[in-house]
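What follows are several structures.
Below are two complexes that have chain A in common, paired first with chain B and then with chain C.
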Partner chain A sequence: MTATVTTPAARGAFKARKVFNKKALVPWLFLAPGLLLALVFKFWPMAKGVWLSFFDVRPFLGDRWTGLDNYTRVLTDHRFQDAIGHTLVLGIGQSLGAIFLGFVLALLLEGQARSLKIVRTAVFLPAVTATAVVGELWRLMYYPTSDGLINSGLNFFGIGPVQFLDNPDLALWSTMAMGIWIWAPYNMVIIMAGLAGVDRSLYEAAAMDGVSLWQRLRYVTLPAIRPALGIVLTLAAIRGLRVFTEVYVLTGGGPAGSTEVWMTRAYTLGFTRNDIGGASAASVVLLCVTLLLTVTVNYFRKRGDVR
Partner chain B sequence: MGDRRRSRRLAAVLAVTGLAFATAACGAGSDSAGGDPNTLEVWTRSNPDAAATYERVFAAFTKKTGIKIDYQPVINFDQQLQSRASTKDLPDVMINDTALMGSYQSQGLLKAIAPDSIVGHDQITAKSWSSTVGIDGKHYGVPYSRQAQTLMIRKDWLRKLGLEAPTTWQEMLSVAKAFATRDPDGDGKADTYGMVVPGSAQNGYAAWWGSSFLWQGGAKIVEPDGRGTYRPAMDSAAAVHTVTWMKDNLFCGDNAVTQPGALTAITSTATNFQDGNAGMYMTGPYNITTFDQTLGKDKYEVVPAPAGPAGGDVLADGENVYFGAKTGKTKQEQALAAFLISPEGQKIAMTGENQPVVRIPVNSTLDAATVRDDARWSVVQKAYEDASQQFPNAPDFAPIKQDTADSLNAIFTYCGGDVGSQLKELNETLAGDLKDQDLLK
Partner chain C sequence: MSAPAIDPVRTTSPKPTARRSGKDRRTTPARFDTALGWNDKPGAAWTLRILLCAIALGIFAAPFLAILSGAFTRNASGSSLSFLPHDSTLLNFTVAGERGIWDYFSNSLVIAGGGLLLQLAVCTLAAYALARHRFRGQALVLTLFMLTMMLPEEVIAIPLSLVLGDVPVVHLDLKGTVWGVILPLGAWGFSVMMLTEFMKDIPDEIEEAARLDGVGELRMLWQIVLPLCKPALGVAGVLGFIMIWDQYLLPLIAAKDPTDYTVTVALSVLRTDPEVGSGVVLAGAVIALVPSLIVYLLLQRSLVTGIAAGATKG
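Up next is the complex of A and B:
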């Protein structure tokens, strides 16, 4: 009796331990390739960038430790301060505009009809086109004589040729318009997913009560898609400050620095002025601000959810 | 529960260790590839057309010496060079602008070069060699190609309107206005422009293109004091007068004198001359090949730049051959440089159906017009030899050029500002740039 009881227990314990080991190892093996890519191409360069921001970078002469000098110099540079201002205006305007347009498109294109699916696919194309290509196309559209695509249209209404990119008062807004066009379809898809999840009975109840279109939007649709809007706002917070290609291809930060943004300024520091330390410092500050912004948006989103 | 957590931790450690070994393996692989002593990695900053010319040059070199070339035409040269610099593994040879020598030297990217070590060094003039002297008095590049800005002008339009090529600023303005307003292409539409201006601040274009006007107006950007230091000079009366003239006549006056979008145009987007709707373009002679193909040889000619109050000087620049620091292949690099400056090497790079990468040969036994059987190159060579000025090559000129371009672009954009005070502000910025390099007088 005693021998019989002991043997099964020992065998069971051994088997359990082996099973745990195998099960624990398998997920990590599947994750390894992705982790390797992230490690080599994201986290290591990020750490290196933070490290370089404390040096006057001269690889062959020996990097010279400068502590926080790079940060002080970058943050007190008036061109950089202007660039921050432009980035905020562009980022906020672009994000809000893209969310609004995405919402409108989602309402217009929601549904099951086959033709709507084709239109949705066509409308989504900006999201999958390379930003540099979009920039070149919009620069052609903005051509500042009556031959330009947009100026041709304006000419039809009797408006003279507009210098969209060469007028410092217009250049930032012209860039913003392009950014809205690029990102609205992406937001549309997320908001459309939110709309698909709205309980139909709520609309039926609203119709029974005889509410107006605006009231239905205000009290039924918007509350229901708050999770989707939360996601869209989070993505906008991350993306809004990191504009680069749109500006670089369209205007190069000109005219007179009127469209210079955080990233184009960091790029100029690093590759036109060969100030790698300063460029690293600018990028690290951007990273910190982006993290802070993302955390803040998430905090308010969660607090809103609780309420 | 404790057992499970412990086994997960062990699995995580194993995974990370595996990643580390995999990463090390990747690193090891690239080392062995770069180590072949009989292969040189050569970078040039070239578009595909110019790269095709370099291919022929390097093929001839390999055939002659047996040294193989790993050739990389790199368009985003400076970004990729910084990446390589950060890993302390530079290309063996780099061919790039003379104006970048100070920038590269200040970062320790270049080997010092003794001219005597290059076979054929005596065929390069003292003037050319003097352009590769660094801050410390040593040479850091081998001269390879030189060029001077010249004026490309539509001769068919001149003939049609009964005009002569301009020889002064005022004549240039008159011709530009005529090109803009008198329908020289005869299509009945107001769709022609006087001249092309790459006026963007991006990468310093406004300063690069505008410097010829500064020289012609008697202005300098920075002035050497003969003791290895410099002082900023953009607040001089000549500079104020010249920049005011440019602002009033090219950017803020009759807008048809320049092509649309001048303030945000760089050379790759300012295609109005070859597109056939602009009548003049002050540019480098490397465009002669392109314009012959797109516009036609019969439609335009190459003339000296119109003179300003102080003369007809234009911006001179060019390319040098640079040796990467600590590559360990000095003999092979010297062999390549010797071939590149030899009559044979220069001729291959000057001719052919693709864009020439040697414009005016640095080898003084060769004449640009004779080698090409094209008299237009005499105009370019004469401009280079008699009426040209370079940017200072010894300082790190990149921030100076960029700050100057930023300031000029702002002056040309906001037409109502006071030029004198804005240039005084630029001067203070330039003083800061020079001070950062310990070069302020």
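Up next is the complex of A and C:
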């Protein structure tokens, strides 16, 4: 308090401001831990990654500014170009496959019978299992001799032992199959939530109009679950771009780089070749594409919702 | 989204149709309850559905039986994987134990437990501020938390590993400590969003009444808001646990040497060890699988609800 005489009104205003200030501080105290952690472990590394991508990073010697060199190097490197191709094939194939299979599973397992709930619980297992565990499991299932789990199944149909992971032409498709297996049950849950929102009287009306099952799916079910499909597609696209663990655990990028994806390539560059600058540039490119994709898909989703 | 959309388990409309009798309204699903019009009566469609369900189980669940049986089989290898253990033994687990699997497992437990506690605490605090207060910069903070969801570990892995080795300002080296994994998992945008949405729905009257009784901010959160948020906390807990347990890249880059690995990362150490067979790797896989399986089976309802709710709110 100052020595000047204050009128009651002025004192009231002062008090109010003080109370206001204290109140305004409260939410920030609650937000502080989260914002601090996000800042230090998310946004700072992101900024640092962008910064480093313009440098030739040399530990102990000091970094040297090289401008866009890292970017041109990464984008013209043929192994990175191959990796883009693999990332796209894997991402698109895996997403569409998992969405289709998830839709089929949702249609099959829709319902409230107890037995169906048990089946759903079991079918959802791949989605809760850690990716690394799934990778080990599939490596063994893909065992290349005729008594490997999948090969012995194929053997039953007279198809000879397939070198799922050792054949450069097949390895990417084998990885994709595992990705579909992991994500189909996850998509199933989201699509099922969409199916639950479909107005049942529409089915009844469709039946009275005598439409075929296909037409019913096409004109009643699909439009109703379009929002759910949009979400599934967004999530899958982002997941597809940043795919790392699945590939790293299952094939490590091999054989002969045939399953190398963008992130495994960046990882190799950064951690085993110590080319931090190049790896950062690769990550920044991926980050930009991810953000662009998210924004685009959201834009179309919003526009679709308005329509 | 309306309430039924959030609960995929209840897939029938609560509105009974006029033609159905009162008796079978609840017990037997009607023809129009599912998109494909499945029904319970034995017949061609019924048989087809059972067959298809069996195929689905074979594809999605049977491989887990293969892990389990392989883990309990003596001299198991990729070429002898089957759905039933033969020559059953606990030897694989003993060998895996000698290779330090239980140390990896305890690393995992500490990280999952600590990470989840921190995550829930941090996200609850942030969500409380976002849902129950109005302040300048609120939209910006919300956007920042949304952005954390769009910044996957994979994309920031390389700079993050540098940051973990030398945390800015305080210059701590978190590598080789569990904190290197736990702290980056603290702010999880998904939990913040979901808890915020949930806390917004708490009626203002409850808060006002508590304020009149002189309840302060912390007590408000702890004794009034949190008990009302139990379902949302359950969802955040289950999803958070599964997410943390699934971490691969983060424990990999936060480790100083292999003894710091979590059990999921350590599987690759076991695999590349020439002295152990597939059975030991599978034993390790079973050990890595059990906690997430327990959490899932105990709380699967909130997990499924959470995925659906998170997706529809997106």
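In this text, the second predicted complex is superposed on the first by the 271 of 307 C-alpha atoms of A that agree within 3 Å, B and C clash if a C-alpha of one lies under 4 Å from a C-alpha of the other, contacts with A are read in each partner's own complex, and residues count from 1 in each chain.
Keep this in mind: a residue touches a chain if its C-beta (ideal position, glycine included) is under 8 Å from a C-beta of that chain, and two chains touch if they have at least 3 such contacts.
Only a predicted model underlies this, so the values are computations on that prediction, with no experimental measurement involved.
Enquirer: Going by the contact rule set out at the top, does A:105 touch chain B (first), chain C (second), both, or neither?
Expert: In the superposed model, A:105 contacts chain C only, not chain B.
Enquirer: With both complexes superposed on chain A, which partner does A:31 reach: first (chain B), second (chain C), both or neither?
Expert: both
Enquirer: In the superposed arrangement, which partner chain does A:61 touch: chain B (first), chain C (second), both, or neither?
Expert: A:61: touches chain B, not chain C.
Enquirer: Have a look at where A:189 lands relative to chain B and chain C in the superposition and call it first, second, both or neither.
Expert: second
Enquirer: Considering only the touch criterion stated at the top, classify A:145 as touching first (chain B), second (chain C), both, or neither.
Expert: both
Enquirer: Given the superposition on chain A, which partner contacts more residues in chain A: chain B or chain C?
Expert: Here the partner covering more residues of chain A is C.
Enquirer: Is A:273 contacted by the first partner chain B, the second partner chain C, both or neither?
Expert: Touch status of A:273: first partner only.
Enquirer: On the A-aligned overlay, A:292 touches which partner chain: chain B = first, chain C = second, or both, or neither?
Expert: Neither: A:292 stays clear of chain B and chain C.
Enquirer: Tell me which partner A:159 touches in the superposition: chain B (first), chain C (second), both or neither.
Expert: neither
Enquirer: On chain A, which stretch or stretches are contacted by chain B in one complex as well as by chain C in the other?
Expert: 24, 28, 31, 35, 40, 48, 52, 139, 143, 145, 147, 270-271, 276.
Enquirer: Quick check on the complex: what are the chain C residues that touch chain A?
Expert: Residue list for chain C touching chain A: 1-2, 4-13, 15, 17, 29, 31-38, 40, 49, 52-53, 56-57, 59-61, 63-64, 66-67, 70, 77-82, 121-123, 125-126, 128-130, 133, 135-136, 138, 141, 144-145, 147-148, 150-152, 154-163, 167-168, 183-184, 186-187, 192, 217, 221, 242, 245-246, 248-249, 253, 264-265, 267-268, 271, 278, 281-282, 284-285, 288-289, 292-293, 295-297, 300, 303-304, 307-308, 311-312, 314.
Enquirer: Using the touch definition from the top, list the residues of chain A that touch chain C in their complex.
Expert: Spelled out, the residues of chain A in touch with chain C are 24, 26-28, 30-31, 33-35, 37-38, 40-46, 48-49, 52, 105, 107-113, 116-117, 119, 121-126, 128-133, 135-141, 143, 145, 147-149, 181, 184-186, 189-190, 192-201, 203-204, 207, 213, 216-217, 220-221, 227-228, 231-232, 234-235, 238, 242, 244-245, 248-249, 263, 266-267, 270-271, 276, 279-280, 283, 286-287, 290-291, 294.
Enquirer: Which residues of chain B touch chain A once you look at their complex with the stated criterion?
Expert: So the residues of chain B in touch with chain A come to 3-4, 7-8, 10-12, 14-15, 18-19, 22-23, 26, 78-79, 82, 85-86, 88, 103, 106-109, 191, 200-204, 260-264, 266, 269, 325-326, 396, 398-399, 402, 406, 409-410, 413-414.
Enquirer: Can you name the residues of chain A that touch chain B in the complex?
Expert: 17, 20-21, 24-25, 28-29, 31-32, 35-36, 39-40, 48, 52, 57-61, 79, 139, 143-145, 147, 165-166, 168, 171, 251-258, 268, 270-276
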